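Order of writing sets the labels: A, B, C and D. Residues in every chain begin at 1.
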Amino acid sequence: MDDLYREIIIEHYKNPSYRGHLDPHDISFADNNPLCGDHIQIDLRVDKDGKVTDARFDGHGCAISQASADLLIESIIGKSVEDVKKLGKQDILDLLGIDLGPVRLKCALLSLKVLKAGVYGLGEASDELVE
Amino acid sequence: MDDLYREIIIEHYKNPSYRGHLDPHDISFADNNPLCGDHIQIDLRVDKDGKVTDARFDGHGCAISQASADLLIESIIGKSVEDVKKLGKQDILDLLGIDLGPVRLKCALLSLKVLKAGVYGLGEASDELVE
Amino acid sequence: MSLDVTSIRKQFPILNREVRPGVKVVYLDSTATSQKPEPVIEAMNDYYRRFNANIHRGVHTLAEEATAAYEQAREKIAKFINAPAAREIIYTRNTTESINLVAYTWARANLKPGDLVILTEMEHHSNLVPWHILAAERGIRLEFIPVTDDGLLDLDAYRLLLSQDPKLVSFTHMSNVLGTITPAQEIIKLAHEAGAITIVDGAQSVPHLKVDVQKLDVDFLAFSAHKMCGPTGIGALYGKANLLEAMPPFMGGGDMIKEVKLRSFRPNSIPAKFEAGTPAIAESVGFGAAVDFLNSIGMENVAAHEHEIIEYALERLEEIPGVKVFGPSADKKGGVASFTFDGVHPHDVAQILDRDGIAVRAGHHCAQPLHEKFGIPATTRASFYLYSTKDEVDALVNGIYNVKKVFG
Amino acid sequence: MSLDVTSIRKQFPILNREVRPGVKVVYLDSTATSQKPEPVIEAMNDYYRRFNANIHRGVHTLAEEATAAYEQAREKIAKFINAPAAREIIYTRNTTESINLVAYTWARANLKPGDLVILTEMEHHSNLVPWHILAAERGIRLEFIPVTDDGLLDLDAYRLLLSQDPKLVSFTHMSNVLGTITPAQEIIKLAHEAGAITIVDGAQSVPHLKVDVQKLDVDFLAFSAHKMCGPTGIGALYGKANLLEAMPPFMGGGDMIKEVKLRSFRPNSIPAKFEAGTPAIAESVGFGAAVDFLNSIGMENVAAHEHEIIEYALERLEEIPGVKVFGPSADKKGGVASFTFDGVHPHDVAQILDRDGIAVRAGHHCAQPLHEKFGIPATTRASFYLYSTKDEVDALVNGIYNVKKVFG
C-alpha cells in the first residue's frame, strides 16, 4: 500500500511540469470524475503530420489524478495522435508504477479519458475509452 | 391442519343455504380477492327499522371463501345494519371455528369485506373494513 | 449428462425443512421463486461479515472490495446471457422493475399517441400493467398475439399485427402458467423486420434455459435473481448499449449523475445512469454466486433435467380422473404444470396438499387475462427446478388423491 | 444510560475484520452505510434456510410464513417511526426510490407548470435530481432554503419563500455532510400553514434519532434500511394514508393490482398498490430485525452515545493544524464530521488513512451543490454510529498526522 504514494507521485503532484494552458491550441477537452469532483482539462498542439508538439493539463483533484495527468502529458509529447488513441489503462498504471482498486483507478484514468475524448473529437468522455 | 377442512366448511361449501340473488334488494355489492380471483356478491333487504330481513350471496371461489359467505349470511339475517357494521375478523373466525394464515384469511374475509362495503355504501371494498 | 440431484439437493438447506413434525417440504413452487443454495447464502454472509460498504464513492478497503464485487457480479451476469458488455446490464429490483424501467424511459421518449405496442395473451401482469398505464397516459395502442387452445402463440395472427407498423413487441420467453417456451428468436426477427424494438420477459427463461441475447438479437431482456437461485431484492435489465445510452434516466439520485448543480444535473454513463441511490449490494454478490452455481451445473443440464421431470409429471397427472393440465406437450414447454381438478377450487387443492408438505401455488399466477381466455378463474400450479425429483411428482399425485378424499 | 459499546461491537462481526494482516478496520463511514449486527444477518439466513417463498399469492406453509414475516416487519417499521398504520409503510429499494416514488406519483398528479417546490441547499442528490427531472419535464419552479456559514438552514429566508405559495417542501432531516439536524417540526408546521405538502428525507435521521411521524406531522418520510443496521436492497416510504390512497400507482405488475384485464387494470389498495413484482422479502425480514436491534438499545441511547462521540471528535479534530471541520457545533448535529486538510486532497487523505485501516469517505458525498456553496470540491468525512468509540476517534487523529508525514 505504501507504493500508492511512491515518491514519484507525490513529486509530480507537488511539482508538476506540465500544468498550464496552451493558447492557441488545436485540441482542448475537459471533464470531471463524477465520484469525487476531480477535474482535468487538457490542451494539445498537433502539427500537420498528426504529431503532438506540445501539451498541458490543468485541474484539481487528488494526487493520483493530478500526478497521472502530469505523467501522461510528459509521455505523449512527440507522439503521434494515432499512438495516443491506442493508450489504455495499463499504460497509465505503468506510468504510475502501482496497482489500484476500482475507485482510485477512475482517478488515475481521468486524464487519459479526457485526452482520448479530445483526440477523438467526442462530445462526452466515457469510461469505455479507457477500458 | 385438518381443522381447516372441518366438515361444517365442506358442508356449507357443497350445500350452501343462502346462495342466490335478491330482486329487488336494498343493498348489493360485489368484489374480488385480487390474490386468487375469488368473487362474492351480496344482496340485502333491509326494513325501515334498519334490520336485515333477507340476504343472499353468489360468487365462486374456494371452500373457505364460499363457506364463510354462507355462514356469514346465515348469521346476519335478523340483525340490525348497525350490528353488521360492527362485525370483524374474529366473528368470521368464530363462525368457521378455525385459525387461518394471512393468505387464506383474505379468502375467509372476502364476504365480510363485501358486506361491509355494501352497508357503508362505499365505492370500493378495502382491507381496513375487516381489520 | 443427467444431474446428480442428490448432491444438488444437499446444497439447499430448506429442502430438509419439515413444515410440521415429520412432514418434509416438497417444494413445487419454483416458478414463483426458487430456493437458494448454500453458496449463494454464504456469499452474502461473507459480504456482510467481511466487506460490507457503500460502493463507488469510497476509497477505503471495504468500499474498494464491495465495489469490485458489485461490478464482478455484473460481469458474471453479462456473460451468463452472453451480453457483449457488462455495462449493458442494469441492476433492478426484479423483472417487474426492469420492464417498468423501459416503459418509463425508452417508451415515454419514443412512443407517441396511436403508436402500436404488441404484447401476447399469455403475459404476466408485469408485462401488461406498465403498458396499460402508458396507454392511459399517452394513448398508445395495445394489440395481443393470441394464444391457441394448446397454449402456443398464434404466429399467423402475429404476422398480421406486424403489418400495422408496431413500434414495440414485448413478450414472455416462457409462460409462467402454461410453461410454453415461445419462439423468441423468430418473433424478434419478424419484429425487427417490421421496424419494432423488442423486449423479452425472461423471468422464466433465464433461470431454466440457456439464453443468449446476441443469438436472440433481443433489444431488452428482463429477469429476476430470486427465480434463478439468487436472492430477493435484485433483478436485471439487459439492454443494447446504443439504446440504453440514448434513453433518458429513470430515477434521480446518487450515482446516476455525472455532475449536479442546484438546478440541473448531467446524467452518468451507463449502467450507473439507471442505478440511482445505494443499490442492492449484498444481493448483487448473491446474484453473482447464483450465476456461478448455475454455471457449475450447466444450463443445458438444468433444462434436460427439467424436461425429464415435466414429461413424467404430465404423464402421471393426466392419469388422475378430473385433472386437466393446461399448455402444450412436454417438448414445447418448461417445468410448469398448471391444472384444474374437477369440483375443487385450486386454493383448496393447494391447501390440502400443504398438509402433506407439498408446496404448490393456486390462483391466477399474475396472468388473469390468460385464465379468462381459458374460462377459468384459477389453476393449481406445480413447477420444477434443478432440485426436483420424480419422487416429488409421485408425492404430488398421491396428494391429489388425498384432496379427492376430503371433498368426497 | 451510556451504551455498553463493547458488547454491542461483539455483535458486528465485520468490526473484527483485518483489512491487512495486523491492521483492524476502524469503520468511520456509517453515514454511507452502517454495518450489520449478527441478529440481522441471521434473520435473513433463517429466512433463506427455513421459509423462503414468494409472498401473498401462496397458500402453502412456506408462503404463509414468508408473507407473515414480510408484513410483521412492516408493522415493526411502522411502530419504529410511530406511523398510525402499517399500511402507510411502502417498501422501496432505498431513500432514493422513496423520494422518486413521490415525484413520479404524487408530484406528477398534483404539480402544474410554474408550481413552486422548496428544497434546501444541503440536500443529497436524491432529493435534488428527481425534482430537476420534474422541472425539465413539467416546468415546476425550484427554490432553495439557503444554508448559513455555520451550516444551518436560514429560516427567515424560508419564511419569505413560503409567501410564494409553495406546493411542496422537501428537505433533509439531517445533512449527510454537515451533520446538521434540521428543525423539521417547525419547517413542516410552516409549510402546512402555507398549504404545502412535506417530504422529509430521513436517510440520516431515522437511523440516528427517535423520529416520530405523528409528532412531526410529516406527509412523507423516506429512509433506507442499510443505514440503520439493516440490509441493502430495501428502504421505506412512509406516507399519510389519505395521500397514498389518492396517488396513482408507480410501477405496474404483480401484487399492485386488484384485477387485470387484457387492456386495463384496477390498482390494489395500499401498501400493495406501490409494491409491484416480487419484493425484497429476505430484506424485509432483515429490516425488521434491524428495527428490533435498535429498539433493544433504544434510540435515545444511540443518539446520546453519538453525541458524546461527535463532541469528542470535533474537539480532537479542531486541534490539528490545517484541519477545518464544516457544519454546526456538536449540540446541533449528529455524528458526522466532514473536514478539509490543507494541501491534501480528501481522496488522498482517505487513501492514506486506509493504510491504518481507517475507513472514511472522501468526495462530495452526493451533495455537490452544498460543496460548491462552501467553495470546495470535496471533503473527507468521518461518521459515527452506535458501535463507534473514542479510541477510533484517536486512531483517526493519529492517522491524519500520518497523512501530514506523507505529504511532507
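Here, contacts are C-beta pairs under 8 Å (C-beta built on N, C-alpha and C of every residue); 3 or more make two chains touch, one makes a residue touch a chain.
None of these values were measured; they are calculated from a predicted model.
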item	value
Each chain counted as touching chain A and chain B at once	C, D
Relative to chain D, chain with the most remote C-alpha centre	B
Selected pair, greater C-beta contact count between B-D and B-C	B-C
CA centroid of chain B to CA centroid of chain C, Å	36
For chain C paired with chain D, centre-to-centre distance based on mean C-alpha positions, whole Å	31
Averaged-CA centre spacing for the pair chain C and chain A, given as whole angstrom	44
Interface hub residues of chain A, defined as touching at least two other chains	35-36, 104
Touching two or more other chains - residue numbers and ranges from chain C	20, 57-59, 63, 257, 259, 347, 351, 354, 362-363, 368
Contact footprint of chain B on chain C as seen in their complex	20, 344-348, 351-352, 354-355, 362-364, 368, 371, 377-378, 406-408
Complex contacts: residues of chain B adjacent to chain C	1-2, 4-5, 10, 14, 35-39, 60-65, 104, 107
Residues of chain D touching chain C in the complex	13-14, 17, 19-20, 25, 27, 29, 32-33, 35-36, 41, 44-45, 48-54, 57-63, 93-97, 99-100, 103-104, 121, 124-126, 128-133, 135-136, 142, 144, 224, 226, 231-234, 249, 251-257, 259-265, 276-283, 347, 350-351, 353-354, 357-363, 365-366, 368-369, 372
Contact set on chain B toward chain D in their complex	32, 34-36, 101-104, 124, 126-128
Interfacial residue positions of chain C with respect to chain A in the complex	56-59, 63-64, 67-68, 71, 85, 87, 257-259, 268-269
